[in-house]
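Structure provided below as structure tokens; questions to follow.
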Amino acid sequence: MAVGFNSALIVGAGSGLSAALARAFNGEGVKLALAARSTGDLAALAQETGASVFTCDASKRTDVEKLFADLDGGFGAPEIVVFNPSYRTRGPVAELDPAEVEKSLMVSAFGGFLVAQQAIRRMLPKKSGCIVFTGASASVKGYAQSAPFAMGKFALRGLAQSLARELSPQGIHVAHFVIDGGIRGAGRSDDPNKPDALLDPDAIALNYLNILRQPRSAWSWEIELRPWVESF
Amino acid sequence: MAVGFNSALIVGAGSGLSAALARAFNGEGVKLALAARSTGDLAALAQETGASVFTCDASKRTDVEKLFADLDGGFGAPEIVVFNPSYRTRGPVAELDPAEVEKSLMVSAFGGFLVAQQAIRRMLPKKSGCIVFTGASASVKGYAQSAPFAMGKFALRGLAQSLARELSPQGIHVAHFVIDGGIRGAGRSDDPNKPDALLDPDAIALNYLNILRQPRSAWSWEIELRPWVESF
Amino acid sequence: MAVGFNSALIVGAGSGLSAALARAFNGEGVKLALAARSTGDLAALAQETGASVFTCDASKRTDVEKLFADLDGGFGAPEIVVFNPSYRTRGPVAELDPAEVEKSLMVSAFGGFLVAQQAIRRMLPKKSGCIVFTGASASVKGYAQSAPFAMGKFALRGLAQSLARELSPQGIHVAHFVIDGGIRGAGRSDDPNKPDALLDPDAIALNYLNILRQPRSAWSWEIELRPWVESF
Amino acid sequence: MAVGFNSALIVGAGSGLSAALARAFNGEGVKLALAARSTGDLAALAQETGASVFTCDASKRTDVEKLFADLDGGFGAPEIVVFNPSYRTRGPVAELDPAEVEKSLMVSAFGGFLVAQQAIRRMLPKKSGCIVFTGASASVKGYAQSAPFAMGKFALRGLAQSLARELSPQGIHVAHFVIDGGIRGAGRSDDPNKPDALLDPDAIALNYLNILRQPRSAWSWEIELRPWVESF
């Protein structure tokens, strides 16, 4: 079943999840734009998936405005937008650096707003589009010694829920994934005695595609995913 | 992508959602058994989908034991089990008939336990299988003048969550759908001025299939579905 | 500050929490009725608190109707009703006895309905009263190997939430406590190296009184309580 | 029953709720410090309650550090800290000013972190203290056309939950109030035909005091308050 959209922008494209999404979208014939703060490592993925690549710090208003202006000038307005960036810092609350806490809010949540706003302005006239936010366990549970990540991810979830209420009746699908476990890759590999205890990026990507395939009479706004052996 | 299972039992098979699920499973080549309290209306669907039909009041222990014994004798143990029955009564709490409240608990929740237990006993040796419970808005929100439905559906959700925690690490996928809106059919049809304001049974069925397709590294235990224009 | 009510019925009066509540109510000058399935152990508490004692299996409709008829004949309609009974059985789901699961639903949830309905019929004409349901960790989290308790406590929570929505605007305060930890007493005593790791029944009772004291412009319907060292 | 603490700092002291809290604390013999961005209107309240007054923009790190340094120099470290500031902007997401969205995050959430961190550094050596965050309906529900408020209040809730998990076992009580309705005052007065449909600030303050009175064996981390006639 086709995903029903022709183009996608993935923001925070440097992660293993983003790479899996890029390949999954490409496999569906969806034209791709990849945006990341640092694009040096994206050349191979771009080549493999035919993606256009853009440099963008999503927590910076001017960067995000420039990204969408650039897209307008060639790629066109993306019909799907996936927002993946996050930033975290850990430690006893008494020892946290306030600048790092601010950065957590700016990257994980404010960046999500900036990207969503630009995308929505372009989706509203067509009354169509899909925006997907990537959350984490910390989106719904504030862990000890991890207040900054909880702050950023809770805020992103508040944004996603508010946008879902506002935009669904205007034809724009807003979805929020709670990735409740570690993701395979980036130095994390499965314990051979505990297979599939890490989320496979391709398995996550399959679920993102399935959300895009939902007919509008049966939309989800939030989906949680966790490995079969993960405690919750 | 294949659903990865060969046989399914749908309990509470008389609803429009169950019919859509039956057709969807059949379309995937999954062998079907349909169980309902009253099977008089299931002949056409059974013929269409090649399903075996069983009479079973899922809130009765002996009925459920007989159902699975009968399955053992021919159809075999179902690899997928969908539990759909529910019963509700509405009205000011002061005026409710206690017998109806008890029935709500028995049909919506206790029946779910009875069916799940029989299914699980047969799935555990294979460390494989999928059990899907169908919930409603009332699964997560207790509405005024609707305490019995809330009681039954909250209880079913408690069952599903507990089973997910217990059985996921044993290879059995347990999922709970929150159907947050009216379902098209059974006398409910769309307002032409408000298209897709009712959940299309086929759209719901698509989502059930997609849960069955999830690799075990990225399972959902709960999925909410609502029409694009539904307020929440 | 006075609790603002003159009489209370505690159902499930045999527990240590109920005894603490009885003493707390008595300390506020609230007239007391205690109901339990077995009242043999309640003599001392009744004497101490001046309570009337009634035998009642709260999961039985005729028992509950008789209890309130008896109250009508002398004690009067209670202005406060606390519902404490619960029943649980544990074990791998495949091994649970269905009769025990049914009993969990009947005692923990259906009994709550029966008692609440009788109480509400008497509160509605006065547009006043308070009903408090005692929940547990299992009210909001379904644990592995504990499906029956989750079913009963989730259902009770659904009842409480529905009643709060229905009855608050009619002047009746409905509250649900989530007791998230072990309660001191009944053979459970504190580890001297881990003081206050169990909930003190008197500390819980203080919180129940404080809910009764809430002015109607600022009511809570759900309150969670846990020991300072309890993980959650 | 005494609240068990001797001193309190209220941040965001200019609101009607803060004034009610100041009077309630003063009534319990608790020494008071009031902090607000603009303190011009606080003279009468300070005189009435004997409070010390401090100018502080809680979203500014240097302001918050100076506030606590000033307190250290005379008032002493507050044993209770209440964080009340919030900032919101409303409108269709496409039309929101990003600078206003950033301000919502900074005032409602980052300010909460800055104040909590300074307070906690002073509470940890004593293994005692209480930090209360004031939330809103938007803390748990993201409304359409109100994404910025949801972002700020969700983030504050994530902070509060994380701090509760981290600090409760160290003797510091962290609580988060969900004020689910309009507060009387500041131009909002009750409809005479709908009495107590707005939260009375004194009723809220009573609930804050009651949280301070909780023994450590039965702490709440989250408490929701709403008027009896508020739908939810």
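The letters A, B, C and D name the chains in turn, as written, and every chain counts its residues from 1.
The rule is simple: contacts are C-beta pairs under 8 Å (C-beta built on N, C-alpha and C of every residue); 3 or more make two chains touch, one makes a residue touch a chain.
Computed from a predicted structure; not experimentally measured.
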Fewest hops from subunit A to subunit D - one hop per pair of touching chains:
1
Listed by label, which chains are in contact with subunit B and with subunit D?
A, C
Shared interface numbers for subunit C and subunit D above half of all numbers used, same, or below, different?
same
Report the chain whose mean Cα position is at the greatest distance from that of subunit B.
D
Quick check: more C-beta contact pairs in A-B or B-C?
B-C
If you average the CA atoms of subunit A and of subunit C, how far apart do the two points sit, in angstrom?
45
Between subunit B and subunit C, tell me the centre distance in angstrom, where each centre is the average of that chain's C-alpha atoms.
32
Going by residue number, subunit D touches two or more other chains at 165
Those chain pairs that satisfy the touch definition
A-B, A-D, B-C, C-D
The subunit B residues in contact with subunit A across the complex are 1, 165, 168-169, 171, 173, 184, 196-200, 202-204, 206-207, 210, 213-232
Partner subunit D, residues of subunit A touching it in the complex:
61, 92-94, 96, 98, 101-102, 105-106, 109-110, 113-114, 116-117, 120-121, 124, 138, 141-148, 150-167
